[in-house]
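The two complexes that follow have chain A in common; it is paired with chain B in the first and with chain C in the second.
And then the complex of A and B:
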């Protein structure tokens, strides 16, 4: 297909799709005047019913916990697929990796930044039901703490800290624990992923009931998935540069 | 109305990028652009005038808040987008391994 024909075809298609979308958008409630009932109901009942201050996290891990499980498994399967697609590099190929930048000051600041980020991540996860944050956000921050080690300290230190041997079980444990909590509730006579533990006091760290455990499980799964994805890409890149691996 | 139209515009811009893309990594970025239009659409739908974030840490429970459900949807949407991007880039790397090119028209056994 020539480029002109492609563009002409796209032009026609885009006009139709665009017109359809604009037509659909015209019937939406005016911007700022959304009147959907469900969000309003959740916002009113989340505190008295679930003792959670953050309505968004309450929706993600409690009211829509089942949907989030699907979401979690999408991330899980994507990370596994990335590992499957990229894993042909032998670990010997990355032995000769030399870090281009060596500076004690940079290493020192890097370790400090990594540790601070690690603690921040735990804070973001733990306060998911109290302030903005939660398992997904905190999990990503947690993975970043490991990436900072690669960026500022050295590749081998990152490799030792975040080996796929450690990231993979972490990811699987998180995803498995998420499902397991649902099954435990089921065994105790509740619905799947229904909140079955004491809800605690709103605004306290020990609030959230069993959704708080689900929150931590998803944090581990997300952190494991991201570290796994980072590691696979980094390993491939390093093997291509320094080892006998493929050339990128 | 403008934020909705912005979402439509970003979606079409991303689509244009996908159609004219000569590089699979570029295609992946364009897919992310398309996906980001859905965040704008979702957040725009849930927005309410004079409302604040649905976190009741230090606001009275009578305060008007934006819709928490679409925000939760956006959150999971972002996670899926990241998963899709990482998978597409891994696939692009494998394509590069087998055909030494990222240009869809150069890839052996594929026309586009």
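And then the complex of A and C:
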């Protein structure tokens, strides 16, 4: 294929995509003028129906809980695939790894930041129905709390804290619990993932009914999945850099 | 609110351009992290704190870490091969 032909082909493609883009943009509603009815409806019914202040979490874990289960399982299979593909390193390969931050100040600040992030993550998960946040966001924040240990303290400290032997069951348990809660609801005569526990008082930590448990389950699954992904990457890199490294 | 929103949009556009124009992959990963942070500010300014929280950890921390990790691995592999 000559360069000229390539350019011509690109020109035709770019023109078509450009025309479609202009057509699409011309039909967009005015800036800030949202046309769909569902946002308005949800904002109005969420408090009386579900006793939750955060409509986003209510949609994610209650009204559209089934969709979120799909997302949860996508993340689960993605993390499993990463572990499957990258796990060619034996644990003894990382024993000789020397990777520590030698600044006391950085160590101290890092430990403090890690602990603070951990508590913040629990807060974000627990208050998912009251303030911005929820299981997914909190779960990822929880995983980064461990990552801070690697970045500011030592690789082996991270490895001991966020061991895959701990992350794997955590991820599986979270993903399994999500589905199990739906099944328990089914067994009690409700629809799959329908709220079957008392809803509680809006704004209280113990509100949200069974969706609150789903929220915690997804937090565990997400945290486990992210820790697993981080650990597999770091383990491979550390073994490649410092270990005896057989197959890399 | 509108001036703040315009500034946030401008930063996101600028960040995206920088990510695309960067030739060095490591630099690109770091720029992506900055771009992710610009997105976080955008979401916050447009009153979507839920999305901002996820974007903060995923696009500013998790994704660049995985990317840099993969690049380091490729570099180590090349070194071994000589």
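The rule is simple: the second predicted complex is superposed on the first by the 231 of 248 C-alpha atoms of A that agree within 3 Å, B and C clash if a C-alpha of one lies under 4 Å from a C-alpha of the other, contacts with A are read in each partner's own complex, and residues count from 1 in each chain.
Methods note: contacts are C-beta pairs under 8 Å (C-beta built on N, C-alpha and C of every residue); 3 or more make two chains touch, one makes a residue touch a chain.
From a predicted model like this one, the values you see are computed outputs, not experimental measurements.
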Put chain B and chain C onto chain A via the superposition and say whether they clash or fit.
-> fit
With the two complexes superposed on chain A, say which partner A:5 touches: chain B (first), chain C (second), both, or neither.
-> neither
So, does A:101 touch the first partner chain B, the second partner chain C, both, or neither?
-> neither
Who does A:236 touch here: chain B (first), chain C (second), both, or neither?
-> both
Should A:17 be classified as contacting the first partner (chain B), the second (chain C), both, or neither?
-> first
For A:132, is the partner it touches chain B (first), chain C (second), both, or none of the two (neither)?
-> both
Once the two complexes are overlaid, how big is the angle at chain A between chain B and chain C (Cα centres, nearest 10°)?
-> 40
Thinking of the overlay built on chain A, is A:54 touched by chain B (first), by chain C (second), by both, or by neither?
-> both
Counting only touches as set out at the top, which of chain B and chain C does A:25 meet: first, second, both, neither?
-> first
Determine, for the superposed model, which of the two partners chain B and chain C contacts more residues of chain A.
-> B
In the superposed model, how near does chain B get to chain C, counting Cα atoms only, in Å?
-> 5
Where chain B and chain C land on the same part of chain A: residues 54, 56-57, 132, 134, 136-137, 229, 233, 236, 248
Residues of chain A touching chain C in the complex = 54, 56-57, 124, 132-134, 136-137, 140-141, 143-144, 147, 226, 229-230, 233-234, 236-237, 240-241, 245, 248
Considering the complex alone, what residue numbers of chain C touch chain A?
-> 49-50, 52-54, 57-58, 61-62, 65-66, 69-70, 72-73, 76-77, 80
Please name which positions on chain A make contact with chain B in the complex.
-> 1, 3, 6-7, 10, 14, 17-18, 21-22, 25-26, 28-34, 36, 38-40, 42-44, 46-47, 53-60, 64, 67-68, 71, 74-75, 78-79, 81-82, 85-86, 130-132, 134, 136-137, 202-203, 222, 225, 229, 232-233, 236, 246, 248
Touching residues on chain B, where the partner in the complex is chain A | 1-5, 7-8, 11-12, 15-16, 19-20, 44-49, 53-57, 61, 65-72, 75-76, 79-80, 82-84, 86-87, 89-91, 93-94, 96-97, 111-112
